[in-house]
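Here subunit A shows up in two complexes: once beside subunit B, once beside subunit C.
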Partner chain A sequence: MSTTTMPPAPEVTRPPADGDRPWAAVLALARFEARELLLNIPVLVLLVLYLGYTAYGLVAAEQDGMTDYPVLQNADRASQTAPQLVALAVLLCVNHAVLRSRRHGTDRHFGVLPLQPWRRTLAHALSAVPLAGLVAVVVGAEFAWAASKPGAVGHGSLFELVVAPLSVLLAGVVGVLLARLIGSAFAAPLFVVGLYVLLAVFSIATSGSDPHWLRWLSPVVPESGGDPLPSGLLGRPAAWHALYLVGLTVALLCGAVTASGRRTRTVAVVTAAALAATAAGIAGQSPGDSRDLAAARETASASPETVESCTVRGSVTYCAFPEWSGRTADWAAVVERVQHLAGDRRDRLTVRQRVEARYGLTSDAALTALSGPGQVTVGTAWGGNRIPEFAVGVASVLVAGDEQAASAVCDARAVTITWLALAAQADPMSAFVHVRLDDRTEGSGLVLAPTDPLGMSAGETAMVRALLAKPREVVSAAVRAHWAELTSPKTSLARVAQLLDVKAPEKEDSRDACEA
Partner chain B sequence: MTVTVSASGLTLRYGGTRALDDVSLSLRAGVTGLLGPNGAGKTTLLRVLATAVPADGGSFTVLGHAPGSAAGRQNLRRTLGYLPQNPGFHPDFSAFEFVDYVAILKEQTDRTARHREVRRVLDAVDLSDVRGRRLKRLSGGMRQRVALAAALVGEPGFLVLDEPTVGLDPEQRVRFRELIAQAGEGRTVLLSTHQTEDVAMLCHRVIVLACGRVRFEGTPAELTARADGRVWSSAARDPGARAGWRTGAGTFRNVGDPPKGAELLDPTLEDGYLLTLDDPDGAAPAQQGEAAA
Partner chain C sequence: MIGPLLRPTARMLPRAALTAGVALGLLVAALPRLLPDTESQLFGLALLRATALAFALGLAFLLDDPARPTTETVPTGQPVRTWLRAALALPAAALGWCAALLLVPQAARPPLGDVTAEAAALTATALALAAAAARRTSETQPGRIAVQALPVLVVVGLLLPERWGLFVAPGSPEWDAAHHRWAAVLLVALVVWTASVREPIRRRTLRNGFGMGTLRP
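Right, the complex of A and B next:
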């Protein structure tokens, strides 16, 4: 021993008062790291991209009128995909922040500071909370904006709305865990690329039809593509999925805390509870569509009249799924404009809302034309191009008697249907462009309708274009006066030209699918 | 004066090497210098006292807190300011942010009070004007002062400084001496250094460590006194001297056992240090004197 004396008892001092508040220090560090995170270039860039994309989506969609009539059970989950940009930035930048000390050699120094590593781990995870909160605010504002529209229908789900902010939190926790397990700055980017490649390979291997349980392991399952379904037919296990995300986030956070050296009973209990919640979430979201749901979808698709409620306006009965009952006024406005142009006809019509729900949310299966006289199909989407398409459907039934018959009309009837539908629009030429599948107003083509499209020859197209150039009331008066001839399958285009006082086509069209 | 830091029988092995070999010491308020050649175990001793590495054997307390339990280690760390030998920096942080970050890790939670404290320590190390500047844009000396500010933040009772003046130019070293002297007022500072001048000018106590053992513990004057009558001048290097070098005046300054009739010179602390390192039995007269007292 180097010395021969025992030192006298040292003076005992109390630690600083702040030292009694490690949890407050965790929050202080989380605030500090959150500010650093928000000032990170990748976070700023992707955040601006996300906000810009969201704003652009609202503005651009405003212009085509689609968002004037949002379906809230679609609007909620539509907000889930874009925030993944923020989640990606959070994963990478939180991981970078956790590794900061190791990267710059301060870990030896900071290792002897009182705030323990596991509390620092918690603080890093909490640093993602403000960004998750920001995403929650944007998602909430997006949804509130949609819900505030007079044309909004349906019901949103809180569980769908929390998915985006939860996925941001999950990304932050994954970033922290990766940093605690692998002390390399390459781990997080490689993880992201690896995950993407894995998903791409799996998607190719399963031809995009990966099993339901596997698809729902992804943080975000947007399931978009088809027409909106009534909320009762969605079959999305949103609550289970939210539970799964919460459980997974907490479980991974516990893993990161454990990797930081905190191995206590409390951590073990919280980990077990989080794993149980994750397992419950997976179990709840895995089974897929139930028999009851399949039966309800079959009913709504094949015999919607059993679940719809109807209202009568004049000679027209409007039948809608319960969530769409407020939209009948919009349909009626279109019907009445077409009826007026057709000479204030009061044929008995039934506007029937229909949906093809049997193939799920992502299916864009077409609706088949109805054969019943006076039956007009209207879909669950509304606004934008859906309005002239519905007008085509109404005019088709007025002219041809039923939808099936209307799918094969030509000559006088094709011209009359198309003119009635387009002249009922505020901007007929623009509507003509958009309602045509090829976005043209020349040559032959297909005109979209809620069910089967209507074929048009080049001559018919030219004649409709000429009619749209004439004053609406003048043409309407002629249509009223010559209704019988204009709706007859035997009336040629040359005769139509005479009746409506426009130039006849130079040569007759040859049409294969024209009815006798 | 009350003992604030005491260690008894500290031992630490790295493989087959004894980095610390039964080290005992006691520190009081004021600056204590820790001298020793490279590999003497200075940094290891500081890291043990700073709780960066646990000792294999022995015990120590800092301001009454022993690191044996998790709670004791936490309380000890709350009294500690540590400036490691090569402190890292977060280059994209400003000086203020870096010290603020360390203050948070020291559990300074009240934002207003913490920011006031950060400004105070940056002012103390004369960096107020550049506190908003990123660390990567500061000179090495400025960064070292930032590290000292980080060690000082929160007014720790025990300050551990591991070769803080390495790489600094003479002007910066003088500035650092001022700062360390100020820091030593009312708190215990353990300063590891190779610079005997720093010890002579700053420290009220000095510990010499060699091969992991304490070779001397006493005042700088006592260390200097070990060379009384053992430094002499000669026209040529005395072959019997343990060390000798030509001075600016052209004569040789020898340290060791002088021949009879040699022209003796006043010893310096460095002379005493050199002789202490060469002392084969490792006797520490000052400690013995202390024991007798």
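Right, the complex of A and C next:
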């Protein structure tokens, strides 16, 4: 007889112990899903598009000149729109990843694994975190690049910078929630189309006049188009909006966790807190521009001298909004070059920075001409075409006396004004092309200035071209010698041509450009 | 041979996805009737494009067929079944599109022929993507791949510079040139569709070349 003894079976199930780390599995799964996410074709394509577009913005757009003088309270929200490409890809692909087990029929196997479905849901939501982090790094790098420019002015806002990464996280959570609610692959793309239509409905149908609270429900509210405003006049509820995004993300995540079967008190409490945060964010961002803000905008637009600080350089006083005081030297360089060409004139000038803030951030309202003698307007944007435009403003005030008189110039003085402004530029001919509204250096047309444009006839245009071809010193000497006659409205174009020694136009052409 | 196949094929169509796409499309097209002051051509065009995209996304699931592995080897093979599915679904989709065009008010209607060409090109692209996915992989539900690729292509189309743009505004000088490009898209999609409907003898999978496994669409 022999007895068979069985060794005791190894224990395969045991109650949870203190040493267990249930979150380790969640993190491991999140890491795995994040890597899977990066291998999805939509994520790859749209990520490359986003990075390429951003790199293009950083490197290739440098030639424009405008990027050398960024205004940081605009630069922070300029980086919000492009990351929506990544958000779109994350929404589609996270949704796809959550549905993978259902597609492959492995859902039922998960029932025997220690990782509960709600932790799996959480891991899928967490898989969007590395991409959100990447977007945060890119957005931060863009802003740091702008802030490191010597010509940068203003203050950025951290709350504007976090919008892009938060919207990527939100997209991931929406993808998870959709997959938990509708277990089919058509839910996410159709949701995206529906969302696009909602946004299109509110942006096109109301052409920007939609109520403030409705516009701010959108994850990203870029609000661009106008000239930069001082940061105190922005009126963007950026902090409330960031709170709204965080609250919404957590609330939707709690919804997804609940939908995957986790209905505990903790989830209920977190959901309630998240909903409260969302509601607080909506409540905070919904009221439109406050009365104080409207009053401050009114003051800055109508009487900027009350809020500006002034510095004197030579015979010229430069008045700028406090954030722009560092830009005085750039303006002074232009003013001094124009003064030098006009025969080192020492007229008393006041360069006044102005902005039209009453119509908000999106409207590009024109500035009215100043009537005070020797007052020159300068806007809040600088670099690129703004430099020759400002030079036109300075030259027209030097010649005509004040901006209102300059806007009525409809005679041969336009030649002197345009030559003074353009000869002060590094590349006069290309500046001439850009400063003309029609981008041509022939025929009649309008020359842009910080306030009202200046009309030029075809004959005057041809004369300016001829003057720009001559050596600067020769023309400058002639201008100095005949200043009184050149700045008189009575002098004819033929006489100006004689004084400056260029060919006069054959016939006195029609002045339709400036009478229009 | 086609006659006996008709009823089972019609029963096998992925109705949920097709209905969802068409329903969303019609809902979108009906928006100007529901909202006040929205009768601009730009708005009508944006909505009809969204409708076309919703239709295309729904139709992308047309080739989803859980029984695909079992019908690959029968004498009446996949190509016949695929063409049959298209022949059954496309007239219904065309009817839905006509309804969508009628739902947009007269004042908001962009040039209908051109918009229909855009819708046809989008739908053909969706079907071509699904057919190509079905040919390349052993996937029984190629629709899920197509609906991931189609939005990406649309986004790329939206980002194209004006000179090569597809989604141009009504009244733009590029309108006619853009619709020649749409015709080219339609043609390419039809060629890809026709070439992909033929079942391959052996499949090649897409490898990403880094030894990290298969690149997943």
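Everything below uses one rule, namely that the second predicted complex is superposed on the first by the 484 of 516 C-alpha atoms of A that agree within 3 Å, B and C clash if a C-alpha of one lies under 4 Å from a C-alpha of the other, contacts with A are read in each partner's own complex, and residues count from 1 in each chain.
In this text, contacts are C-beta pairs under 8 Å (C-beta built on N, C-alpha and C of every residue); 3 or more make two chains touch, one makes a residue touch a chain.
Nothing here was measured: the structure is a model prediction, and the numbers come from that model.
Peer 1: Please indicate which partner A:P150 is in contact with in the superposed arrangement: first for subunit B, second for subunit C, both, or neither.
Peer 2: Neither partner.
Peer 1: Regarding the shared-chain residue A:P471, is it in contact with subunit B (first), subunit C (second), both, or neither?
Peer 2: Once the two structures are laid over each other on A, A:P471 reaches no partner at all.
Peer 1: By the touch definition at the top of the document, which applies to A:R21: first (subunit B), second (subunit C), both, or neither?
Peer 2: In the superposition, A:R21 contacts subunit B only.
Peer 1: If we overlay the two complexes on their shared chain A, which of subunit B and subunit C does A:F186 touch? Say first, second, both or neither.
Peer 2: The answer is second: A:F186 touches subunit C but not subunit B.
Peer 1: Now for A:L115: first (subunit B), second (subunit C), both, or neither, which partner does it touch?
Peer 2: Only subunit B is touched by A:L115; subunit C is not.
Peer 1: For the complex, which residues does subunit C have touching subunit A?
Peer 2: 16-17, 20-21, 24, 28, 31, 35, 37-38, 40, 42-43, 46-47, 50, 53-54, 57-58, 61, 141, 143-144, 147-152, 155-156, 159, 208, 212-213, 215-217
Peer 1: Enumerate the contact residues on subunit A facing subunit B in the complex.
Peer 2: Subunit A residues touching subunit B: 1-13, 15-16, 18-19, 21-22, 24-25, 27-29, 32, 100-101, 104-116, 120.
Peer 1: What residues of subunit A sit close enough to touch subunit C in their complex?
Peer 2: Residues in contact with subunit C: 36, 39-42, 44-46, 49, 53, 85, 88-89, 92-93, 96, 99, 103, 184-186, 188-190, 192-194, 196-197, 200-201, 204-205.
Peer 1: Considering the complex alone, what residue numbers of subunit B touch subunit A?
Peer 2: Its residues touching subunit A are 2-9, 21-26, 50-52, 61-65, 74-75, 77-80, 82-84, 86-91, 100-102, 104-111, 114, 154-155, 157, 213-215, 217, 282, 284, 287-288, 290-291.
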